[in-house]
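If you scroll down you'll find the structure; I have some questions about it.
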Amino acid sequence: MSNLAPLPVAVPLGAAAAVLFVQFIVPRAVVRSIAAAAVLAEVSFSAALVHQAATGTIVYWFGGWAPRAGAALGISFAVDRLGAAGALLAGVITAAALATTRELREASGIVYSLVLVLLAAMAGFCLTGDLFNLFVFFELIAVCGFVLAAYHTESLTALRSALSFAITNSIGAFLVLIAIALLYGRTGTLNLAEIGRKLAAHPGPDRLVTVALALLVVGFLVKAAVVPFHFWLIDTVTGAPVVLVVILGGVLDSLGVYGIVRVYWTVFASASAGQHAVGAVLVALGAASALGAGALSLVFSHPRRRLGFVMVAHTGIVLIGAGCLSATGIAGSALYAAGDGTVKAALFIGLALLGFDEPADALRRIPGQVRRRAGVALLAAGGIATAGLPLFATGLGKAVIEDAASHAGYPWAAVCIVVAAVLTGAAVLEIALAARGSGNGPGDVCDHPWWLGAVGVALLAISAVVATAGRWASRAAAVFVSTAAYQQRVLGGPRVAPAVAPHVGLSAGGAVLDLIAVAGAAVLASGRARAAGPFMPATVSAAVRRAAGRAHDGSIGDSATWAAIGTAAITVVLAVSTR
Amino acid sequence: MSALEITILLFVGAGGTCVVATRDPLRQAMVASLFGILLGILFFVLQAPDVALSEIVVGAVALPLMILLSLAKIRGGPR
Amino acid sequence: MTVRTRRAVFLLAAAVLAAVLAWAFGGLPHFGASRPSSGLTLNQLAVPQRHITDVVTAVNFDYRGFDTLGEEFIFFAAVLGTALILRPKLAERPGHVADYATGRAVPPTSDAVRVIGLGLTPPTVVFGLYVIAHGHLTPGGGFQGGVVVATAVLLIYLAGEFEDLHGLYTEVALERAEAIGAAGYVGVGLLGLAAGGVFLQNVLPLGQTGSVFSAGVVPLINLSVGLEITAGLVLLLTNFLHQVIVLRPGARSAPTALPPRV
Amino acid sequence: MSFLPYAVAIWLFVVGLYGIVTSRNLLHQIISLSVLQASTYVLLLAIGFRRGAAAPVFADIPANRAAVDPIVQALSLTDVVVGATVTALLLAIAVQLHKRTGSLDPEALRRWPEGRETEDGARGLSDGRATHGWRPPTG
């Protein structure tokens, strides 16, 4: 048993309390250093866990409550490579996000404290092996998230988005809690491995299990913010401080998908008779998000709002990989989530350098020449990475997901991915093109430190490094999908070998598709910049924009209604197809 | 099921409906307080004294108080 | 969506959702039916293993203590969030004209209310402390007791002594107390890691079942949670009161209010 | 009849959601959310209930007496306090929104956030042609 397992959670939590205690005693630089040190400690512990998990899933029973006769008494962390890598990614992105906080003008102590709690929650979410514990961290993430979203209390968008975030995510959380109650009522346990084992003892269609799965999926989809649960995210990205937006784009939306695959592969894979239906639902929602949000990202002009839609589209791509219900799909999703998360964090840092670090309804701060060039360069490079240049992990991950989708019987989903990459790549490149020529105007001077640009470059470099991790991802995914082996590691029993690692790499076809997407994005962006308008009649495009704007006007009631519609639809589809 | 259980369950269901149906926040704070007490009683009946204690101190006292404070702030502001 | 379409669409979706939920809940065991669960196992184990009589507390602070650590930090984050969101901005310094001039003065408090409010405060505090200290024996604990103690502050407010109350503590002190409470829980966990080898491992003697000093670290955790909840709720209430009273012209004095957060 | 507790849980869930969806006042909307939350407590405690069993507090009952499930109670207990705090937080946001807009009607908050952007050269990227700025209808 590794003693490191609780530390990625415990250390940031302790540091959060410490920051709150000393914030008015020591200078701000010291507070910042404490926060940075805690984040770096989390990164080191997670990296060590990634290394240790290579020899097998690490199971850690809190309080020493090891299971009795195969029944769990307490809470366990079950750390496999993918989970540890998730905690690592959360730490890396949080470190980058901290770099944007030097200019916080008010209440910085509380913000640091909240960011540290958020990091601990993300790490716990990735590492835990207990269903209710997963829910606790899910809530903790949401609370830290919407508090930070309301940071700019002078901005209507910020406050409204925080409410929308809170209410929509709470509805998602209650759905998850209902599912937990159902599963506890059926199996009498909260441990993921044990629930899986108990359900597997009674195979065959089961309405309770089907609905529980549907509710868990919906709850986590709300967090992942895919269509039609994405309204809160768009508003939040427009109004939140940069530090939160970087974390949201870098890792948080992918964590929702992680929650789905984690519970699916530990609990339902061996039990549910509706496997194929779940996969099809996930792929369909993923494709709808990728195409719909991809197209909308070209409609809106505010750069942060645009990137919000890019985020939704890319989470859709990750979801397609998850919906393939195969080790290849998981490997592709993991590569894409890590590669794309770092790129998006770099994009938001680029926008901050361009002065887009206040809510959309605040005055924009105008950057100096150096910062503007750095911002444009980051956005241009990031745009190419967004479209999926094979140098970056976005290219590799996308190719692997396309491969997995074709094998799982969804070749059309592969087409959707390519189209989405073209659209979102063009959306980002357009921002870079426009920012290149943007002039000066009224407003404060943007005063981010110059080295923020270097942080952005480092994030892009990390994405390039992840692109070499294909074999690692394939082994990690093979362990991840080995349900029986997971249950054996956690609860004991006769040894089970994990699944064989699939071949994961950049095929020639995948590379060609990636290059086509990059070229397509470049052509689309420059073509739209040259032409007087989009490639459709002006009245149509105006109508589209009006409808899109009206649909995303930040209404909380609409967001809740869509959540109810989505829940009802997904639950019914799963229930019908499982009988 | 005993008559007590049925009665309190029906009361809780009706109480929740009243909370939502009361559209004026000041009245709603009072109804929500009552709903908190009903929930507390239900939890006692379901043999959960710990949760009942929690619900009564929170749902019937602390939460309505905060609603009233918010209202005081808002009513003090411009119309 | 307009409000009307939304209501119609929602009612349809909600009807479907309710039907599916009812269908699924039908798969649950009958209400009150007997069946095994890990909770029932703990009912058998907790008293002998932990010398604790309230099994719910045993689950909260021992068997599933790690969950409660997370819950405590949800509370922590929410309280900090309230402080962050209600922080006085530069433009809202007390007395600044940017705030509302309704001219509504705080009504004077009658002496009867004052006496009752102040008179009830000490017993409420004592009762809250009792609930915290006996959490492992009888229903109650840090969560409930903390709320009760914080409610005592409300009584002082009802007595119309907010400014006096405000002299008793400052927001910074409350934040520090909250930080100590939160750090205390993490500290107990780390103590287990250092002395027992596992995070949140019990490292104290279990004592005599039924005694206040029993159940190992559970009373210690209860205490730190109690501190956290008390300080947090008082901070939260103070922030609300501050919005209502101090930022409202016509308050009895120009109080020594918080500086804007920097 | 033994389905009644579950039915009440579903009813509270749907009613709370209805309140959120149709609300014309933010405070009402937030309190409706707590009704929604109450449904999860009712469900959890109903699942843990055992007919004829005592509360899981062995202070004044023999240790071998059957008691109801303590785990669901532990799950609900902390959530009650935490949920109320989160509600308080949402009320704080509502107070601030009222301060900014003078209104508590969620429908009055609906706005195209880019609405005023193009009127002010400092917002958005000033080169509207290249970004195809969404221009709101006037008024």
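Going in written order, the chains are labelled A, B, C and D, and every chain counts its residues from 1.
We adopt the following convention: contacts are C-beta pairs under 8 Å (C-beta built on N, C-alpha and C of every residue); 3 or more make two chains touch, one makes a residue touch a chain.
Just so we're clear, the structure is a prediction, and the values are computed from it rather than from any experiment.
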Under the document's definition of touching, what chains do chain B and chain C have as common neighbours? D
Going by the touch criterion at the top, tell me which pair is linked by more C-beta contacts: A-C or B-D. A-C
Take the average of all CA coordinates in chain A, do the same for chain B, and state the distance between these two points in whole angstrom. 36
Roughly how far is chain A from chain C, going centre to centre by Cα mean, in whole Å? 30
Distance from the CA centroid of chain C to that of chain D, rounded to the nearest Å? 18
Two-or-more-chain contact residues of chain C, please, as numbers and ranges. 3, 6, 10, 14, 17, 21, 25-26, 28, 31-32, 37-40, 42, 54, 56, 64, 67, 71, 74, 78, 81, 85, 139, 143-144, 147, 233, 236, 240, 243
Chain D residues touching 2+ other chains are 2, 4-5, 7, 11, 13, 17-18, 21-22, 24, 39, 46-49, 55-57, 67, 71-75, 77, 80-82, 86, 88-89, 91-96, 107
Send over the residues of chain B in touch with two or more other chains. 1, 48-51, 54, 58, 62, 66, 70, 73, 77-78
Which chains touch? The pairs are A-C, A-D, B-C, B-D, C-D
Quick check: in the complex, which residue numbers of chain C touch chain A? 1, 3, 6, 9-10, 13-14, 16-17, 20-21, 23-29, 35-42, 45, 62-67, 69-71, 73-74, 76-78, 80-81, 83-85, 87, 89, 172, 175-176, 178-180, 182-183, 186-187, 189-190, 192-193, 196-202, 260-262
Spell out the part of chain C that touches chain D in their complex, as residue ranges. 3, 6-7, 10-11, 14, 17-18, 21-22, 25-26, 28, 30-34, 37-40, 42-43, 46-48, 53-56, 58-60, 64, 67-68, 71-72, 74-75, 78-79, 81-82, 85-86, 137-139, 143-144, 146-147, 210, 229, 232-233, 236, 239-240, 243
Flag every residue of chain B that touches chain C in the complex, lowest number first. 1, 48-54, 57-58, 61-62, 65-66, 69-70, 72-73, 76-78
How about chain D: which of its residues touch chain B in the complex? 1-2, 4-5, 7-8, 11-12, 15-16, 18-19, 24-25, 27-28, 31-32, 34-35, 38-39, 41-42, 45-46, 48-49, 53-57, 67-68, 73-74, 76-77, 80-81, 84, 87-88, 91-92, 94-95, 98-99, 102, 104
Chain D-facing residues of chain A, complex: 132, 139, 143, 147, 150, 153-154, 156-157, 159-160, 162-163, 166-167, 170-171, 174, 177-178, 181, 184-185, 190, 235, 238-239, 298-303, 305, 360-361, 363-364, 366, 430-431, 433-435, 437-439, 441-443, 528-529, 532-534, 541, 545-546, 548-550, 553-557, 560-561, 564
